[in-house]
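The same chain A turns up in both complexes below, where it pairs with chain B and then with chain C.
Here is the complex of A and B:
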């Protein structure tokens, strides 16, 4: 029996190989490019899945008594009539080996295919590397395909060292595909053959096993990816017209994002701490490994993480819809620019002379300027906060929107102060003890890598503060205010102070982000600070999950990182991106990683009606609800 | 302990309270009854500072050693509550359990209760009061980590009252605690109101359910379109044929 099914698996693997060979012969891998191998593995996973599924169903149909896993389950339609179903389900529970057999069969099939692919591509590569001529007809197709399969560009194949690790990778990829297919079939048993109780049981029993397999796989994924990025690199790997750098960037984005899931998947306590620390180390090592372009994108991503965390305090915690958040970002950036760029306006130097500082540039280093930028932004936050204290919902959104534009127009038109549209140039770079690490680390840290590292550290700091605030007394006051201002006030929450603190703290984070942004850009112009920055910041917290810091990191990775990766499909970039967003909001309306508070919303009887579509318009909806409800809300319009 | 002296409140141009004068003595349960739109909730919201009073005065005196109707606070030594922001009124010990419960639906029961004690700094006292709330409402203890919005109507009312009690109030303003509850729960809630009062908290109770309110209360005021038309001991109001016809449905 075992031998028979093993033979069956190998046959499946052979068919898979034949199928893939056909794909290779018609030149599919060459067309896909360097990422052909994972794509082929995915295709074969699909093939294995179909095959295993068919086999399982066939097996079941032949031996209805025996069932999928050899238990004694009866077809589902007999469950009701079956008097001794309790006994047999218990028996099945004891005898069923949950999904293991299927997973093993998948593994065997995958190994067969993988081994053959590796051997064939190895032979071809070795042959071509050694100058053996290949038949003229195949000459054009084969090298490209083989190159794609072993992950080098066709031109390199002559000198390509067909390293053992690549073969191992090929085999592993296909073995993994097969195992995955086996697991999928056994897990999908419940849906696939609901008629077969045995299948149902197998899924039932294998649930926990699958869960822990999934858990470990989930935890391992970011580590595998990080290791892959760090050690093997991706020479020559391309996908959909992008270059290898972009693929590496995509992997970095996925590694960072899946890292957050890994932390969430791991068991709370020691395991979670260890995973978090290791991942943190892994991510912190990224600036040293990535190149200038990848680093610059990642730096921007984490600058937006800071922005998102700050805006999240205003929107997610305090429930104040702020569409002019870019203002504080701009204030932070320009403050640092004034303090560190050669350009000096008469106003600023006058002020500095008054303060007893020589107006020579650069005036202040990054670290000295940091508190100034944060404070200036915080003051900006309070200045915006005061006039909008009494506004709620959409009115607030409009006024803040205006504020953002006012700041940008100031920067544009106050030429004397800000150099107008010509911007401020040659902003100095952050340094440690007077030296920029980018210059002294023997090429390990590029200038953008240094910015990325700073962004990482700053966002970690900001995230820490944001998470602590979430569970603090002030955080509670914010949530209470978001739920119902009047009741919050009646329980002793000082609305004015609480609101202003939200604006000020949110603005401080944006100021930090703005300063780093100015350092990253070196030259800043008013057009860097349009409404779209605000919209991006707001969109990323909505996509990630309002109120959830981990979600915000994911949102930033998706919204600021993915568009860069998608540059390869240039003309479809925005469309693709928009489609992704729409799909995401349908699949996960509360964001990718919603906060615990938001997740309970579905069960909230008061909000049940506003489920999916209401989520986006959170601030507005709750406002309407309040206005529509009697009692305390009476005359709210007039009080305004 | 609480005196309203011809208080006028407006919603824009609408004159909602047309000179309300009333008095709540230390240790009493006083009820405000009246039909829809009479101004009951407006009165409470004016006291707690959520709505501003345009004319008149509200005095509050916190005299823990006093008690009983003999030591009525004079107007000159009371604190003016009108024109004081709501959060400061709350800090003085005037705690409102709003109509329609208005619990923080997305916050857990525990967080709701913690927000009730928001203005307090005495953590020991807060802990004692939490115990007291759990004694009054054992159901809340079972549901500590559940979001407030997932509680049943009765439990939400309990949470609203519990939250108000967490501020260790001198006077509790209860707005329609029986609203939307099953008769059995209404009885239970009124039983608890009596208990809270017996433990030494003064209560100003606003109710549509005049019968139940007057049975719990010491004194009552009858509101009609922003004016107090009748006042007196709860028993005499219960016996009053006018009241019986208009509000008791007899």
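Here is the complex of A and C:
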């Protein structure tokens, strides 16, 4: 048992090292700079904490009557104990002081990670000091990156002047991180035990436990972050130096994401409504606070939220795997472009002159063009839907994949109409009552801020419609169709109508997103609408949680927002996607925030046990509460 | 008594195999009729023809005087024919209540716009649908199981839920495909009692496939026997039981000879 648990700790350390290696290989330490080492240690502490907590909770789930205190006789340190007497006295000591065992486990894991990091960075440093070029093989392993990892200056690396003490410090830092994590878990231990024994409610009602403190902190977090983001944006306040823009973006992403959790953490009813409304106000004020760059990223994120919500109707609700979803995005974008950009096509210009309209001025404004773009995309959805009505699974995926490419190739080759690869330029900007708010708000709202605001409002609207539809008889018909198409039909579901509605509504949302995208980009080209857009949209709903609107927002924040934060390592985005998807599928097969329906599947009882007690300890809402509350609907309301 | 369902020369061919061969059958309103026959006799295929999953090559199916041939499954359900399945086919990840609500799909008419806007009419309809779904679950004996995800229900309850889902579409004719298959004796009794109540309290005509002869003989008012796609006998349970061709189909020709010879010599 002792050996097992030591092996477990070492394994945890190895996984931590693997994770950190990835960060090092893509050059994160070099980007963080001087404080890279403490940041990495902090990240690994967080990782150890999650792991140890999970182990402890697992243990409790298996031996509920024992509690945490009773378990501490089998810590990892015993691997070295060779005398039985030693063992029993230590056993007694540890039973009396449960925290020590967890701390030792953390220490072992931290030592493993630290040792490996020290060895690897030592090898790199030695190689560089002796003039061996690593960069041609691992392009981010440059002196600045390795130096940040060891905590010295790049010059010292190149001249091979790194002292041995540095590596010792490295090891100690990670070992300390592990120990801290262990202590943190044992500090929450008594609460964990109570919660596991008496259930969430008892622990919750019995006064200011760690659980309710954690809950309160969880709800407060997004507000604090939003306030902080606003504060560091004030003129005269400087923090993070040249990285300020990136840090603010990262904090915005975290604030928005944690907002979704905050709504879930709050008690259903009045508390939840108040939190949702306040957060909604906070998020809607973001476009006024952020700068042009951050707004443009957030705008893109929420354009993809709309895409995700639309694709979710087709894939998540109706269960029709659509790999050509970009087609409707392109249709929406090009429809708006046709209507609002000066016409380059001689045919259309000629036609317009005949009709007495000047070909140089936009035909329709943003709002007038909106229904046209939505309708065109919806028609596209139906046109795709009709031929694939009888196809299922793989066949459907392949045909839709082709459809997406067909639309892009049309745009590329219908040069007379679409200007081919040269694209459509000077697409007009959305205005409100004839003026663009970006120009008349005392400089508070940048042009990208205006796009972000529109994206926020539109995606809230889209989410609202999607959630309402899903909870109606149409949503039930979609889900029934996904479960068993033949039986659904025999039960009375009109398959043709139900499928086409899914395609059309999904396409409409993509059309809206496409139009906003065109307005954001001002100039659009066929290459904006490749297969990768479809894959991005699909990946974000899978990562976020198929069928769960709140999950989709998280997925978009993670998959469209984070790569912008990691601009410098953008070329590793695809690798990150892959790694993230693989990890997600293992850790949370139903997504970060799975829909109530999917989480009821109950995968692994052990895993469910962990989820329960893990969440109990943090004072999160219990599974049942989430399932019973209209949490999905409310979760989304914060962006409204 | 008029016939609610009438089959005339119904024939279904799969490649070279005639699964249903020139079957004529009449089912009276508010009756309980059983369809029996050895494995592979074409019983389920006949059900599939009735519910629009298969289209028979030859013949006519009249339900309440109008033809069902060429209608889509959902249209046939709309006319008032509902069914259950031999191997349970519930919407696994939906709760029991949701399964019945899908069953009611055809009887709900609120537009999708009204669902987005949550108009009062839509809300009222939805509320009424939930109430009647609960009532149906209570009727089949699944009271208190409304929110259980259907795959988590015990086997017998899943069969009952299939019946409840079928009832959601307010059928006049209910086709039960081996409703007692795999059930223990007490579950079987429950199911038989339910079938009786469906007919007596709700006035639904029952047409069922069953292998359990005890069930067939005690529940049916009339029995039809299929063998190799052909209808070989029809009548009351007693008549069918005594029919030489039925015994032959079930037990093989030699035994049949002994069976028929037995009483004659005795």
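Keep this in mind: the second predicted complex is superposed on the first by the 351 of 640 C-alpha atoms of A that agree within 3 Å, B and C clash if a C-alpha of one lies under 4 Å from a C-alpha of the other, contacts with A are read in each partner's own complex, and residues count from 1 in each chain.
By our rule, a residue touches a chain if its C-beta (ideal position, glycine included) is under 8 Å from a C-beta of that chain, and two chains touch if they have at least 3 such contacts.
Fair warning: this is a prediction, and the values are worked out from it, not measured in the lab.
J.: Tell me which partner A:527 touches in the superposition: chain B (first), chain C (second), both or neither.
T.: In the superposition, A:527 contacts neither chain B nor chain C.
J.: A:474 contacts which: chain B (first), chain C (second), both, neither?
T.: A:474 sits against chain C, while chain B stays out of touch.
J.: State whether A:494 touches chain B only (first), chain C only (second), both chains, or neither.
T.: Both partners, chain B and chain C.
J.: With the two structures laid over each other on chain A, which partner does A:416 touch: chain B (first), chain C (second), both, or neither?
T.: It touches nothing on chain B or chain C.
J.: Residues on chain A in contact with chain B in one complex and with chain C in the other?
T.: 473, 476-477, 479-480, 483-484, 486-495, 597-598, 600-601
J.: Which residues of chain B touch chain A in the complex?
T.: Within the complex, chain B contacts chain A at residues 10-12, 14, 16, 41-42, 45, 48-52, 85-87, 89-91, 95-96, 98-100, 102, 104-107, 111, 114-116, 118-119, 147, 149-150, 163, 167, 175.
J.: Per the contact definition, I'd like the list of chain C residues that touch chain A in the complex.
T.: Residues 51-53, 72-74, 77-78, 82-83, 85, 89, 91-94, 98, 101-106, 108, 110, 112, 115-118, 122, 126, 129, 149, 152, 165-166, 168-169.
J.: Once bound in the complex, which stretches of chain A touch chain B?
T.: 473, 476-477, 479-480, 483-484, 486-495, 597-598, 600-601, 603-607, 629-632, 634-635, 637-639
J.: Can you list the residues on chain A that touch chain C in the complex?
T.: Residues of chain A touching chain C: 464-465, 468-469, 471-474, 476-477, 479-480, 483-484, 486-495, 501, 597-598, 600-602.
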